[in-house]
Structures are given as C-alpha cells and as structure tokens.
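Going in written order, the chains are labelled A, B, C, D, E and F, and every chain counts its residues from 1.
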C-alpha cells in the first residue's frame, strides 16, 4: 500500500526525517511518500501558522487522489491542521498525528501526558485532547521553553529539556505514557523512551501504523454526510481540485 | 468606531445584506464596513469550504490593520472560520457570529436551539457549541433540508422551512430562544421572531453589538501567549502580511 | 436608555463607586441608576449572605418595573444572587456581573482565572463557572486572604494582594485574562490591568455594556417558560409585588 | 432523635401529609416535626417562588437551632431552596429532598428519570441534577401538564397523569427507577410503585432516612469553610438570627 | 434486619475489625454478619486482585440469598469489586463502600478528597469517582506510600502518614471532608477525625447506615433490566448458584 | 507475530467464527490463536456473566505468557471483561474489542452509533463509551430485541433486525459509522456494510489490526504503576499464576 505523509511545514530536514522514520516502521509492503508543500510556514506554532499551512496540505491530498494512487494520508503536524477538510477530499483514511498518538497512548497506559515545544501551543493542544475525547486519559499538556526549530539546530540541548519534562510528567502528573507533541521530536523517540522507562508515543509512527491497519480493514472515511465530497463547482476529485 | 464585517464567502448579495443589517443596528457613531474576499467559495457548508475561505478572511483582517483603521472585526459565517488565526493578526476584538450568538442567547433564555441549513454542518456546529462551553445551554442543532443559497434564490420557501423547524425546537426541545445558524437568514430575523414569539438571535447583529461593547471597554484580544503576533518572518502587522 | 445597577449589599460606599464606574463607561445616551436595598447584609461572602440579600434585590427589580422605566438590570455582586428569580419579574435583560464577566473574558483571551476575596466563596464561584459553561475557559478560582470590606478600609494593601494573586494566575495557571471576582475591586481595574499587562475584566463594566448591547438588539428575557411572570396571586408586575 | 421537616410553602395540607408520611417511615426513636413558615408562597413552581420561600426556611432552621433541639433538617421542596444557606446556620445535617432522592435512586437502579409537575421547573431540576453529579444516572426530567396544587384538589386525575408519565419513562428513557419530583406526590408513592413495578423514590422519605443515618454516624455539616457560621453581626446561632 | 458485610479479601483481622466497627454503629435491631470468602487475595490493591476476589464475593451473596435470610449486602473493599454483578443475584440493596462513602461525603461537605493507600489504586479510584458522578465533589485522590497490610502490621506509622495526607488535602485541595479510601483504615476513623477537625467518612460505616435506610424504605435493587436475575441455566437464586 | 484471541464465553461456534474472521484479516506473518476458556458462561449478556467469565480470561492470558509465546491479546467480548486485570499479567498489548472498535470508528466517521443485542447490555455499554472517552463521538447505544445466541441459531432473522436498527441509527441518530456491539455479529460485517452503505466496524477485526500495529511499534502495556505485575505471592508471570 502507499501512504502519503504530508509535513505541513516547508522545512525539508523535517520531511526527510519523517521519511526515514516512517520507512523504519512501515511494513515491507508499504511505500511511504513524505512530502511538504511548495509554500507555507517553516514551522507551525500557532493558529495563524496552521491557517497558512492548510491550503498546501489540501493541495497535497488532492494531488494524491489525482495522480499518486495513495491509500491513506498522514498529516504530520501535531495540531492536525486541515484534518476535517482533507477528509472531504478523499474516501481513504486521513489521520492527524495528534489524533493517532492519543488513541495509541490510551491503549498503552492508564493515563498519559503530552510533552511538546513552545508554551503557545498549549491551548491548541488542549482543544485537540478535548475534541478527540481524551480529557480523562490526558493528565496534562507540558510545554518546554523552546521553539520547534531548536530541535533541528541544537537537538542535544532540546532533547535534554524534553527528557526533563517527561520526568516531571511521571513525578507530578503520574503519567504512565508520554505523547511527544511535535513531529520534530520523532527521531528521538526511542532514546527518550529508553531514558525514562515508560512508553513514549510518536504520532507519525502511530499514524502510519494506524493507516496500515485501516487500509487492511478496508476502512476509509465515511462519505455519508459530514465528510462528503466538496460540491462539484469547488472541486472534482480525481480531475482537478480548485484550491484558493 | 469602525467595525469590519468579513463575509467569508464571495456572494455579494449576502455581503450587501450584512451591510444593511449591521447599519440598521449599529450605533450612530459606529461605521460598519462589510466586505467579502476577492476569491473563495460562494457559500460555506463544509470544512473544506471553510479551509478555502480562511486565507481571504485573514487577508481582510491584515488589510484592516494595515490601512483601514479598524476597531473590531466580525467573521460573518456561522462556522467562525479562521477565528483564532485572525486573533493573532490584531490586538482588537475579533468575534465569530456563532460565538456571539451563543453568548447572547444564553443570557436571553434558559436554553436555546440552533436552526441552520444543510444537515452537513451539524458536526461542525456541535463542535463550536462544545468548544465555546454551551453544551448545557444548547439543546439541539436543527438542520433543514436546504442549501445556503436557497435563502437567496427562494427566500419565502426557505424561511417557511426555518420557521417550521423553530416551532419544532419549541415543542420538542423546549427551546426558549432560537439561534439562527446561518448568516444568510439574518435579514429575516425579525419576521421569524414575530412568527414564533420567542427571542431569535442573529449572530451578525450579536457580534456587532458585542464589538461595540468591547471597544467601549477597551477590551481587545490578549496578546500574552496564544494569540500573540505571528513571528516576524511570517507577518509584520501594520506593514504587510505574507499570507500563502 | 436607563440601566439600573442593584448592589445587593447595603454598603453605600460600594454603591457610590459602582455609580461612578458605570457613569464612566456608559454611553452618553445611557442613564445609570445605582442603588442598594434598604436592608440586607453589609457584604456578601456566603450563601447565607446571599439569601439575606435576595429579597431586597427583587424588590428593587419590582420597583424598577413599577415606577422607574428601566430598560435593563445589573445585579452587582459576584455571586449573581437572585438572578433567575429577578428574570421572572421583567421581560427586560437582567445580568449578573459574574455571568457578564465570564462571557466577556472568554472572548478576550484563550483562558482566564478569577481573582477574588475570601476563600469561603470558592465553592460558590466554581458553581457559577460550571453553571454558565466556562469550565474549560476558566483555569482556576483564586482567593486572597482578605474580607470584602478590606477593599474599602485599606485599599492599597488589598489591591497589592490582588495584583500578587493575578501574577500567580499568569505564572501558574497560564491565564491570559483576569476576571475580578468582587464588585469591590471594580474601581481598581485599570490600575491592575496596567500593572500586570493582560486584560482585566470587571463584571459591572461588562454587564453595563452587555445591557446596552441587548437593549439595542431589543433582546430581553424570554418569557415562554422558565422565566415567565410570577403567578398573579404572588405578584402583579407593574402594580405591586408582594415579597415576603 | 428529632428531625425537622420544613415545607417551604404555606399549604398546610401538604405539611400535614409530610408529617404523616414521615411518621410512617421514621424509626420508633425518631420524632419528626413537620412545619411550614408563617408566610411565603402557597406553592413553589419557579425561581421567584423559591426566593420568596427561602427567608421562611432559614427562619425555621434558626428556630430549630435556638429552641427546638433538632438533630437534622429536611427541606421538603424538590428545588432544595436555600439548602446551602441553611447549612451555614447549623452543624447538623441539612438535606434537600431532590438531593436525597437522587442519591437513593442511583443506588437502587442503573438509571432513573424524574417525573414532576409543571414544565416550568424543568430547567431548575436540570440544574440540580447537574450540580449534584447525576447527569449520567438521570436520563430525563419529565414534566406533566399540571400545577402542584392539582395534587391536592384532584389527586386521582393528577396521579393518573403521573403514572402515565412514569410508563413513558420506562418505555422511552429505559428508566429503571423513578424519582418523584414534587413533595405533593409523596403520599401516592406506594400506589405508583405498585402500578408501574419499578422502584419509586420519594425525596422526603429518602431525606428522613438519610438524616437518621447521618445522625447515627455523627456526621453533620462541615464548618471548615464554605458552610461556616454566618458572621456574628448577621447571625448569632442559638441566640437570635436576623433574617431580612 | 440482617446486613451481610463481605470483606473481599481473606485477611481475617480485617474481617474481625469490620464486624466490630459495624456492630458499634448498627442499630440495636440490626444484626451484622461480616465474612470473608474462603479463598482469594490477602489484600486488594489492583484490578487483578479484584478479579481474583469477585467469585468469592458473588458466592457470599448467593449464600446470603440461599440460606442466610439477608436484607442487604455491603461489599467492604474500596474498589467495590463485583458490585454490579452482585446486584443481579438479589433484589435486596447491595452497596459498595466507595459508593456509600462518596454519597455521604457529598452531603456533609462542599467538597472532599480521598485519602487511600498505595499509588497503584489511583486510576481505579478515579474511575469510581467518575462512574458514580462525583467528579466535581471529589477534589483529588491522594495516595500514601504504604501497602494495605501496613495498616495491620504497623498501624501507628501508617495512620500518622494518613493524617499527614489528610492535612495536605485540607491545605492544598481545600477539602472540606475526607473519605478514607481503604477498609483497613476504618477502625481509626474517629481518631483521624479528631486530629484533623473535619468530617472523616468511612465507607463501611456509611454503607451499613445506608443499607438500614434502604431496607426501612423497602428500597432494593431494580430488577427491571440491567440488574435482572441471571439466566436460569447460570443461576437459580434461592436454589443454588453456579459460580465458575 | 502471534495474537491470541480470547473468546470469554464457551460457545465453540463463536470461537471458530472468530478464528476464521481473524485469519481473513490478519497479515500473512501473523498467526492467530482463538480460544475459549474451559469453563464459563455460554454467552455474556450481563455483569454477572462477565464476572463468571473473567477467571477463564485471565487464565488464558497467563497461559499465553507462560507457554505460548504470545505477542498481543484480544478479549473478544464487547464488554471487555477483565481488560484491566489482564493488562497486569503481561507487558504485551491487551485490547478489548469494544475499545478497539470505538477507536477505529472515531477515525472513520464524524460520529457513530453502536448496534448490539439484548437491551440489558445498554448500561454496560454506556459505561464503556464513557470510560474510553467517546461520549461525543457515540450518538447512541441501540439494542435489538434478541439474545446473543440468536445470532447462531437463526442468523438470517437476527441480521435482518440488526440491519433495520442500523438504518434507524442513520435516520435518527445521523450516525456516520456503525459499531457492531457483539462478537457474534462479526461474520456478517461485510454484508451489513454493503446493505447500509456506511462503514461498519467489527471490534475483533479492529483489535487484531491494532494489535499488529502496536506490536510493530514495540508498544505494549505500561508497567510503571496501574498495570504493574501482580504481587509475587499472587502470581509469578512466566511460571505459574495462581488464579482463584
């Protein structure tokens, strides 16, 4: 099967890391195609950044439908930007990495905390936790005093901060699993898990494996109402989508 | 004061109706500027439509900041598309019409129901009700078998359906106020209210009056964290925003 | 229009302060009439105090209907005592200042905390937050080790404590706006806001401006069921209410 | 032990019925004293009625403390009017009959519905259900087209309506127990239960038995903060309360 | 009346203590029969322990129905193991001690915290709080670094830790009552209450008194659906239950 | 990998059907071992049935750990009996089929309804929906007037009833996906889906695919606290578990 991972920001280093990570966890019969849109923000740390990123995300889904023969889509930014709109463009599964990580974490531990980057995304993450139904499972959103791009420029310092925050999550929140709240941390998941000794869930890995499961189940996106196709004058799936 | 109403769709008839409606309720010292973006969907009835509309909405907020000396913004589509992103572009109040209507309705009646257009928006509206905290006040989202544009093309039939649904809301949900769930119904608010005999709240009217209140209170958007300005490389408020 | 502010306690200094404050924010065409009942508690810091204050509040609403030609009512005590009962006595808007402050705060910041006086009111305030639907927006009720009347007798010390608590709300709760949980703090709102740098909402100001908005909208209290008029044998609106 | 039942309305026929009912369920060593205040509404069917009734309720609690050597108090109106204020006047248990009924019903059946009188009390009852924590246990508030006093003037017709509504609760809500939502129905509890075949809980009975249990447990009202005594200038428990 | 207390673990010292405690609070006309199953875990501190204990609990309920003429049952372990299954085996009341304690605590104080033993039971206790509807009343589950059996082997040290935790509950959670989260603490309830000065609720005491109340009310377990008798091939109440 | 499916009831026809179903969806490199315990109830339709089934379920998990080299466990009864206890016996993934189905359904459609067998399981299913966090996603639990074993004895009639109920879920609840609430329906999933035209999720299929995903992710059960191993005196994993 073919899974397309859409990194909604334009930082190619992150896209490359996602490709490598996904390749390492995908099944032999799964091809992963990690892309990032031509234009958009270099990182996504606010609602405005998300808004800038969404048209590019949708264009990539549309291209996937039109010409790439894709079986499932992963939106690889922890805010799941454009998730519901993307679901209208396809009847294949479309998963956000926050969504995927929360589901998996809730099956691995009695409760979890999210450890993420800049404090600014707390409100956004709280809304996702609430919208997806994890208010009881998720004990706390923990932010660290760093920017997303610090994970690329000074990974050692950044990951040390992440690990310290994970330990606080264990001691103070009694978290029994950790969700990494930023796709930029994905490459360090194993190391963090080894250091802290409880399951650490990366959303991209979770989403790739959930996509494989859904494709095997022939389970896609229900088109009966909410995620029905866009109206013809706006978009013709498989032909040529008109995205503003 | 100057209030800018942004109709996120490109149907000029709706924009004109919003201008007229807002003029009729605004205070003498309030100037209302109703606009719609140059490009975007003709109506907004799904998440995809919203996603197409958001860049235009943000561009209008940015223009307001840059050159129009605006005191407050109203997003005149019942899904409040781009609301949180728009708040990052200004320290003035920015209100969505769903948000404004829910607040006002909860102060006017013990409970309310929403009467809106096509069934497809139910899920979207439920999320807004939940996100803004009105799960107990809002008894039900009632959709009618019509499209948004029916309100423009055959208003009599459309409004008759709306009134019938309002009466069901009173009989079945025991609703004590009605929120109109579509900016296209705004012009008919008074007529509907007279017919059914309980308060009928239109979000655009509510938002304009709440903007006046907030401006008088010198109450804008808190910039301390979540809605802080976009990062300089993405946007320079007052200078020239780079929207994808 | 004519707005009647009812201070449910009998401390005239607070009533005078409310009059002055409201005059400073009301529109030129708005007359504000601040009163306090003839009898009742000197301050309201418990459920029992509230119960003592309610009959006087209702008498003032009844008098407003009977002889004062009032367009809207504000109950200026943060427990909103008698709010729902008062709504039965009139078809005009009746707003509590806790209710008004919560609504306004939720439109100004991503989340808020309440800073109020004596610890004893915490439970009461939590119930209001929950009843009005602000459990997710309101991060915490913060009480200070002081009595309501300390705000009148030693305002400098009292306000310093309030400001310290606001700073804790920012640091610990990540509050993006502050709601002042006591009408006695109203006069100091601007000063506190200047000191802490995020929006500070006073309920009396919020309620006055919301009343103006609702009157302009011709939006009153729905009389269809819950807040219908009292039965004739108990009360004859506009004639002479019999309050025990 | 001595339990005082306070009927907050002034209809002596109801008070007599409560005395008789309580005598029939109280233990031999329990003396029940059913009273109604000297003044107040003849029935309680709205928030305004409640507000009129509260001062009389509090006066009866104060008299109980001052001169009647009471061990526990029951507020025998389904809106639990003045419950929290009454708790400040004593360190003995004070139970509302709605509260008592909900607790007992949740231990008798998997879920329950409330069957009560006039539609107007629905909102009030919903708030009690929510405040006390029974949103999941309570399936629905069912009102009947009758007034409280109909239970006294034409009991046969009234009870037939109640039974019909109970049967709807079983068929439509799948209720496994019924809570009678009005003290005026108490005398008919056994008959209704026999007719419908599932547990029917009357709040007055429930409250009397819970009072006996709490007194045996030496469990009263915690005075540490929220329900602490009124301030001395307002009330001197055991001496003479000043109620407005 | 005859109340059977089932201690789900096999530690006879705890069973004896429960018998003694219950005898000291039961009415003169109440006979208490405290038992523990023949086999099962020595203490219950995890879901697995609970699963081991449930068959023995059910066998004791079945024996009570078959040959002991029991009027009500108490499951004396704070996880309420097998509560809903036990309710299928009888039409008498069956109460768990966590359930009983939460109900009583919510009528005694504005809010409460639970103080219990090993950290491992936190998740289990949170679920009970949530399932029974006490999410708003219960401020926090506080665990102490001890094992259940420490209460038997070194009670002084263990109780000192419990009291310290209760004091933290008062200072940090603002708890106005304490629920003891382990049947092993029951014997020390009075001492703890005297030390900390707010109501301390023991679940076994609460359950015994609630059983007496329910039996007096002729209120048992609704058999209409959820807790209906087991199917004949599995169990014949009053004849001989087949428990695996 | 090796996945063990434990059918908690002793009806071999169901176990065989589960084996066949799982084989048809498992990956080529996955071996599925479907078993049912030696003793236990023939079907599980109440809490009592669940209690009877749990020891057998746990014994099968223990055997899996001891001698069968299992990588993940599926509990194939829609009440997820013994799920949390089973997680203590292993550090591998253990999934209930209700849990698995809810997670998958929430990623496939905007909302779903559950269609299950006898009315008696409604309360049990509601608790699972609530405990796992799906109160907003799950619109309704729909029961059909049938017994679990009807699915084996007269499948045509039974499935016709299920399909009729699914159609009601679409029309009345606006469900966009259906979760089959009984393992006995699994074999008919495809047929039902084809008939009704929206995604139909079977929990066993969902759980098998989620297990494969979790094993690939090296994600098991967090042993840090809640699901830590049983105490040595009760159980020695890998050696010989003592189950009552």
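Everything that follows uses one rule, which is that a residue touches a chain if its C-beta (ideal position, glycine included) is under 8 Å from a C-beta of that chain, and two chains touch if they have at least 3 such contacts.
These numbers come from a predicted model, not from an experiment.
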item	value
For chain B and chain F, chains touching each	A, D
Farthest chain relative to chain D (centres taken as mean CA coordinates)	A
C-E against D-E, pair bridged by the larger set of C-beta contacts	D-E
Most distant chain from chain F, judged by the mean position of its C-alpha atoms	C
Between chain B and chain A, distance of the C-alpha-averaged centres to the nearest whole Å	30
Whole-Å gap separating chain B and chain E, where each centre is the average of the chain's CA atoms	52
Junction residues of chain A, two or more chains touched	110, 119, 122-123, 130, 136, 174, 225-227
Chain contact topology (line, ring, star, complete or other)	other
Pairwise chain contacts, counting only pairs that touch as defined	A-B, A-C, A-E, A-F, B-C, B-D, B-F, C-D, C-E, D-E, D-F, E-F
In the complex, chain E residues that touch chain A	119, 122-123, 126, 130
Sites on chain F touched by chain E in the complex	39-42, 45-56, 58, 82, 84-85, 87-89, 119-120, 122-124, 127, 130-131, 225-228, 230-231, 233-235, 243-244
Sites on chain B touched by chain D in the complex	110-111, 136, 174
Parts of chain B lying in touch with chain C, wherever the complex brings them together	25, 27, 93, 95, 99, 103-104, 106-110, 132-137, 170, 174, 176-177, 197-199, 201, 205-206, 209-210, 212-214, 216-217, 219-222, 224-227
